[in-house]
Amino acid sequence: MALLLIVLLPLLGAFLTATCVRSRPRCNSLLAATGPVISLTLALSLLPAILRGERLLAHWHWLPQLDLALSLRMDGLSLLFALLIIAMGLLVLLYAHFYFAGKPRDSQRFNSLMLLFMTAMLGIVTSENLLFMLVFWEMTSLVSFLLIGFHADRREARRGARMTLVITGGGGLALLAGMVLIGQVVGSYQLTEVLASGDLIRQHAHYPLILALVLLGAMTKSAQFPFHLWLPHAMTAPTPVSVYLHSATMVKAGIFLLARFHPVLAETDLWLYSVSTVGMATLLTGAFVAMFKHDIKGLLAYSTISHLGLITLLLGMGTRMGLIVGLFHLFNHALFKAPLFMMAGIVDKATGSRDMRLINGLWRHMPYLMVLTGLCAASMAGLPLLNGFLSKKMFFAESLQSPFTGILFWLTPALAAVAGLLSVAYSVRIFHNIFFNGLPGALPHYPPRKPSAGILVPVTLLAASCLVVGLVPQYVVHTLLQQAAQDALGGALPEYNLGLLHLFNMPFLMSVLALSGGLAMYMARRQLFALYDRLPEVDAKENFEWLMLRAGRFAERQVHRLENGSLQRYAALLMATAVVLPGTALLGVQAWGGGEAMTPLDPVTLLGALILIASAIAAVVVHRQRLMALLLIGSCGLFVTLLFARFSAPDLALTQLSVEVMAVIIMMLALSFLPQTTPRESPPLRRGRDLLLAGSAGGGVAALAYAVMTRPQQTISDFFLANSLTGGGGSNVVNVILVDFRGFDTLGESTVLGIAAVAVFALTRNLQLKGRVAGDSGSYWASEPHPMILRMMARPLLPVALMVSAYIFLRGHNMPGGGFIAGLITSVALSLQYMAGGLAWAHQRMITSFRPLVGAGLLLALATGLGSLAFGAPFLTSWFGHYHLPGLGELELATAMLFDLGVFVTVVGATLLILANLGKLMTLDGPGKEIG
Amino acid sequence: MELLMAISIGVLTTCGLYLILRARTFPVVLGLTLLSHGVNLFLFSMGRLTLEAPAVLDGSGNHADPLPQALVLTAIVIGFAMTAFVVVLSLRAAVELRSDHVDGADPDEDRRL
Amino acid sequence: MSHLPILPILLPLLCAALLILCYATPLAVQRLVSLASVALTLVVALALGAGLDEHPYWLYALGDWMPPFGILLVVDHLSVLMLTLTAVLAGFCTLYACRGHDRQGAHFHALLQFQLAGLNGAFVTGDLFNLFVFFEVLLIASYALLLQGGGAARGRAGLHYVVLNLTGSAIFILALGLLYGMTGTLNMADMAVRIGQAPEADRALINAASMLLLVVFGTKAALLPLLFWLPRAYIAASAPVAALFAIMTKVGIYALLRVFALVFGLQVGLGETQAWQWLWPMALATLAVGIVGVLGASHLRGMTAYMVIVSVGTLLAALSLATHQAVSSALFYLVHSTLMTAAFFLMADLVARQRGEARDHLVVTAAMKNRLTLGILFFVAAMALAGLPPLSGFVSKLWMLQASAGGATESGGSQQGLFWGLLLLSGFVMIIALSRAGSKLFWRQSPERAHNRRADPVRLGVVMAMILASVLLSVMASPLMDFTQATARSLLSPQDYVAAVQSLADGPLGGPPDAP
Amino acid sequence: MLRKQPLRQIWPRPEFSALLLLLWLLLMNSFALGQVVLGLALAWLLPFVTQQFWPEKPQVHNANRLLVYLAHLLWDIIQANFTVARLLLKDPATLQPAFVRYPLMLTDEFAITLLASTITLTPGTVSAGLSPDRKTLLIHALHEPDPDAMVRQIHQRYELPLKEILE
Amino acid sequence: MIDFVLPIALGLFSLSLLMNLYRLLKGPDVLDRILGLDTLNINAIAVIVLAGIYMDSRLIFEAALLIALMGFVGTVAMSQYLVRGDVIE
Amino acid sequence: MTLPFWLEALIAALLLLGAIVAALGSLGLARMPDFYMRLHGPTKACTLGVGCTMLGSLLYFSFSGEGFSVQELLITLFLFVTAPVSAHMMARAALHRRVRPEEQTRLPPRGLDPSQEPESDSSGASQR
């Protein structure tokens, strides 16, 4: 529970600070500090147990399916980091309280984000479950994104934030992959088990991949070469952020990871060469560039990179001692780098600048700060009596015992010495260049504003601890460090001593060399700056932005090329896919013909089919003359009808016929607003391609049809034939299927029609047509809009057609017909009235609007279906009975009729709604007026 | 007869697809109609071809397969609904895109701000 | 026979028909009816889910005609999952639309209910032709919804969407016909059995039908060569409609799963069906195209549309592995991605409403009125979509990574590598794209006076609730994970499905053994 | 006018209804009482619901004359077909087609319609257009060397009887 | 005797259909095509009726009835379209 | 079933006659030189041709035991009512579109279209 509280209290604090006492900065900061203070107390309370070598574990279920558990672990390594994180956090909170003085909103926002970040860091170091660790790992990336983008109105801040997120987030993804791989190799995501499976992992085929992925995660987070670029650009963050994230915590997460996985991944050649090479490269690059940064925070950032490289190098050497020294230096680095960053922030606030070329001679104004800075800079440079000296000396010693052979063996200490020299140079620079070096340049604020006393408190505390650790390390950190190393390595520790003993030896010599060389280098700085300025300037952020922009543009171009808005292309792709995919399957067809005897051909059918084919081809040939093409389509419809009739499908024939006329009328209505001809647009090649595509699809369909038709048939249809009369009460089996056996399909089908009608209504509602294309310059003999002769003929026709429609409807159950066809006949008869009398004339005479008709039809069909529920039968269960009424004759009553009536009503409503609304477009007062 | 039917289906499908690949809405609509003729005949012929034996029970034993007929009927109706809709849509698109080209007068106009 | 399985279709259908009948009903009443219908449907879906423990397959023989002759509704785990997801999503979208989008066109609520009826019907039917019918219902409703409000972009996108889908429907009929011609049945369980009995010589034709169905469902699901209708359609649709459309691609995926796991996979297993062999490269290519699209998008809606494509690619890639874990994880991801892409469409609308002319284009404008609230929502939603912890995106990505472990085989390893690579790359690209978008939208501001249009509290609340759902899907993911595991189990054991249908059937499925 | 005749309002067209009933019974191919009842219902209902579409009430003054006229017409049609058949087989170049203006005497719309239909159905003539003032009918004749004779013949044979019957 | 005449009649109607098709395809004016289609409809009615006699079944006679109705409406619609540029005003 | 010889002969004659007349009508449609002349064939010949066929069928079915067959009658009536209207509509459309009649067509004194001056009328109709 204590473990959980250690992690959760800052989180709670984050929520509280975000929501409570937002306008009172002091209360807010106090509130912010409460959580970490308790956490720190709790963590310290665990210290004795940890130092006894105990390992505390806590476990709560989260997602057992994924082995993702809320598992926490506290051992030496975790505790070392946890204490560092909480303690530094508290100091930063204190610092920030004064830093953001006068900006309560900023202060509050920082406090809550800061606590969120602290939670994330604590989570990383205390996770026992690898996946749970990842949660916090990504959380640090996200919160750091927000923290770096704290001043979002600044372009640099935004860019820096995004760059950080992209690099560390990307690393996080790699780490995710690495963790999952580890979990798969080990069979568990619990750290305890993973750490015990070092050999298993190292011998696994995936080991190089795992190592690469984990390293990618660690290196990006810890700003290792070549991923170090984000760190300097993250300096746009407010200084408290830099203090916490970029010196004390976040950048150490990668190191923590390397240390944590040391027993699992280290001690192989691959580890040795990859990690130490990266570390060395980072160490040198950072140190070299740091010297030439004029921005205080820039210098510190590169120096941080350099120190991180140093630690990585130490871990990379894979020796047990290397790890101990690495951890020690990590600790020391936090102690001296954090106050330096704090100093940078204080100077920035005081002078309004961070440019060391302008800031000179501040000792006059801030002597106390000068002393503190001196201490920390000296520690950074590795001057004796300070903590930096100790770890750096041990680093030199370690470099002398590198596991490399040959030239590499000597190269390591040599480069280490060079790096040491460079670090001395920039350490001197940061001290001398700010506080001495003559008079200040044109600073925004001069004389500098006096820093508040409070802001100096954390600096003082940290500087003092540098001294304390430097003097008596064995009493301060030794035991914890030892335990941390012990828990990280999981085995016996080599003999070592943190103290000042053995002052004069080879490492000491190297230190002296570095000191003097560094000093010399600083002396020669003007020449070096000049030299450096001549180097081509590479702005990583610009490059990053450029890269991102190019990637975006490239992607945009590709998108435009792929998704170019051409329906023709999409349709061609669809067809090509529909040809190729089934085509591959059809390669396996052994015989197309199925062996069944073919139905004998008769000349009339042949003729009909030929006319159908001729009409279809002619429609394609003349498709540019649209009305003609439409006519030919009408002819196709007629002959499809005749084919249906020929092959024993009278219902289909009736339906096809009525549908065809309606469709042609609708298309003609639309055609009056469209150009009457189609321009010749497609180049011959395109037409050829289209023909090939369409032809192969058509050929395939024909082949399939032939193949199936000549194969023997097995079907469930015998059931329908057998049960139609007895079970469905009708002898027209097709109709019984439609209204009974598969009435649900019919319900769906009427629904589709109803929706289409409503959709047409919605589409035409506000449609403003600019004037129709076909002219109506009346000639003398055709000037009447609604020819009288048509009108007179159409009128008596209506009741007759309705009578026929009633007949078709009623006989449907037993003979070809039914609600759908009857509905279409009714609609066609009524649409003839529209043609003969005009929309307005006919519409006034309709006894109902159409939309209610659609709704009522559907409801009737639904209600019929629901009726059976009352009898405990499933939806749409039909019921019928034959009654012999005295005098009236045989009477059949069937619920299916009622259902069919619903279909009928829907069809009438829907088709007329469509027609009327299309027709409405033609009238002058059409738009805006709702019809139907 | 089967071969003739297959060829008719193939021609209808080919013509329909070819028209669907045209650049103007109206031929596309016509193409959709032809295509639906083709596929309806296809679905119909999946019940095999039967002469002179509608699925109306009259005491004789031989009947055409009624099920595909019912399915085709449904497909015809749905096809009709879709045709009606797409016709109106093409009208509306022609008005709003200032062209009856399937991609409008300027296919990229909605990419721009 | 309980009537529960039919209710998810009937409820919205009844409401829609009523709304059409009483077409002049005040909008307030329409909204009430619409919301009530969605809520009731959700209750029904949950009730169906609760009953699954007792009997894993709800069967409902329409018209009391037993399978294989009548139309049979079969509600199993997958159906319940989809029904529930649809109801939840529809609830959010309806609520969002009730704040004004439903005024833009006529009969919004009726069409929405029709859409739901179509979707639900597709999810519960056990009959292949009935599936086609419900596809048409949901498609025509979606056409109408897409075009609500009018405008050039909608007209164009709508036309493309409609024409491609109509062509797709024609292909559907071809496939259906072919399958009926070869098997003589329409009930999916019966068809599966009969395909197993089909002679070797017919195998190629049946496979061709399966490939045609792959094309059809692939078009709906937006699989690579068939996906290009999607971006502009989703971009053009009004926000709640686009959000609702998040489920549309999933219908294609549902159909792929249902048909290939049951009809073609009964004998050989899902992973061995011919279509599934093609699915893998197509899905990866889809994922790749989606990634490029997300990176290249110039406005939030476009980015979201491509995120839909990314989600489709991811989902299908995981599904194409066809293992229990892979399918479970993919189904979990399905829920997550549907809700979150939908939330993002709504968010894009919220953002656009406060940015004047610039809408949701990634350009700099004056500050938004609700910058902080929207910013936080955007940030969290972006996290979820990019798969960052601790939200549902992370959980599903993690699960898919774990599930796609190839094991020892060489091809398994390279499969894993490809999938992992693209999956992680998609997350990476999303981080890039979303951070760029977020920074442009919320951080950069031109100095003009801030826009002063406040976000509608209900709309804001809807988006918040959806994002909260993502949190819940992560924090309390376990029950859902169990459910998707059960779903995958039932999906991968189609013989149980067939046995359930058989228990109700009139005679043995597959016809009498001595049938010609 | 409708208001003055409440019975007509409820049952707008009894004669026509009778025809419809007959049609129904023939279609149903049954004279069972049930069919009669159903047919009666429809024969009343359909004219009733569609009466708005047919506001004019053609008044047939002499039904017998109408029957005679129709029989006459049928005979003419049969004759016409043989005439036209001969014409169609001839070399088209030898035909003498003509457009003829026929001055209408009839004023009733229904009567004009019947006349125009008659003209179209009978020998070699098609009524192609009606002037907007409804005073002239434009007739196309396939082979008519003497248009005036044709006008006279139509007047005598069809227009006058129609006027008697309907006006 | 009917059996003997039927094929001849069917053949003659087929010939008619062919001649209608010729007009439908040839034009030249769109009205010629409309007329061709209209005649095609009428001849199709006859073919259906003859086929009915041939098969001794009246099941497809409703189709003939519908062709008559639909053909008429179609012809009227197209003619009206040519005159007014629309069908329903 | 068997029909009496005379009836069978009548039916056969009707069918044959109908087919011949219809074929002639279609022939006219195919070979007449202008639209207005083509119009005559279908509107008359086909109507009667189909009418004869219908009568034949009516007789055949009415006497073959299935009761009176009314559909044929209905179709015939329908055709006779609608054919003139269709012809009128088409002719009207042709006049509107100024479809040229054949050269030798005799025109009324004031031309086809009195609303237009003869010299401004470009159609061949008024040039004679």
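All chains are identified by letter, namely A, B, C, D, E and F, in their written order; residue positions are counted from 1 within each chain.
Rule of thumb we're sticking to: a contact is a pair of C-beta atoms (placed from the backbone, for glycine too) under 8 Å apart; a residue touches a chain by one contact, two chains touch by 3 or more.
Keep in mind that what you see is a predicted model, and the values were worked out from it rather than measured.
K.L.:
Which chains are shared contacts of chain C and chain F?
P.N.:
Looking at chain F and chain C together, the chains touching each of them are A.
K.L.:
Which is the least count of steps on a path of touching chains running from chain B to chain F?
P.N.:
Between chain B and chain F, the shortest chain-hopping route counts 2.
K.L.:
B-C or A-C: which has the larger count of contacting C-beta pairs?
P.N.:
Greater number of contacting C-beta pairs: A-C.
K.L.:
How many angstrom lie between the CA centroids of chain D and chain E, rounded to a whole number?
P.N.:
23
K.L.:
Any idea how many Å lie between the Cα centroids of chain C and chain D?
P.N.:
Here the centre of chain D sits 61 Å away from the centre of chain C.
K.L.:
If you average the CA atoms of chain D and of chain F, how many Å lie between those two points?
P.N.:
Result: the chain centres lie 16 Å from each other.
K.L.:
Among the residues of chain D, which ones contact at least 2 other chains?
P.N.:
23, 27, 116-117, 127-129, 138
K.L.:
Mind pulling the chain F residues that touch 2 or more other chains?
P.N.:
Residues 25, 27, 39, 41, 47, 66, 71, 74, 81-85, 88-89, 92-96, 112 of chain F touch two or more partner chains.
K.L.:
If I count partner chains per residue in chain C, which residues reach a count of at least 2?
P.N.:
Those would be 129, 133, 136, 140, 143-144, 147, 150, 156, 159-160, 163, 167, 174, 177-178, 180-181, 186, 232, 298.
K.L.:
Let me make sure I understand the interfaces: which chain pairs count as touching?
P.N.:
A-B, A-C, A-D, A-E, A-F, B-C, B-E, D-F, E-F
K.L.:
Which stretch or stretches of chain D touch chain A in the complex?
P.N.:
16, 20, 23-24, 27-28, 30, 32-35, 37, 42-43, 46-47, 49-50, 52-54, 56, 109-110, 112-113, 116-117, 127-132, 134, 138
K.L.:
For a test of understanding, state which residues of chain A touch chain E in their complex under the given definition.
P.N.:
603-604, 607-608, 611, 614-615, 618, 625, 627-628, 631-632, 634-635, 638, 641-642, 645-646, 650, 653-654, 657-658, 660-661, 664-665, 668-669, 671-672, 772-776, 778, 782, 785-786, 790, 801, 804, 808, 815-817, 821, 825, 828-829, 831-832, 834-835, 838-840, 915-916, 918-919, 922-923
K.L.:
Taking the complex as given, what residues does chain C use to touch chain B?
P.N.:
My answer: residues 129, 133, 136, 140, 143-144, 147, 150-160, 162-163, 166-167, 169-170, 173-174, 176-178, 180-181, 186, 232, 235-236, 298, 357-359, 361, 363.
K.L.:
Where on chain B is chain C touching in the complex?
P.N.:
Where chain B meets chain C, its residues are 16-17, 20, 25, 28, 32, 35-36, 38-40, 42-43, 45-47, 67-68, 71, 74-75, 78, 81-82, 85-86, 89-90, 92-93, 95-97, 102-104, 107, 109-111, 113.
K.L.:
Provide the residue numbers of chain D that touch chain F in the complex, in ascending order.
P.N.:
Residues in contact with chain F: 23, 26-27, 29, 77-78, 80-81, 84-85, 87-89, 92-93, 95-101, 116-121, 124, 126-129, 138, 140, 142, 144, 147.
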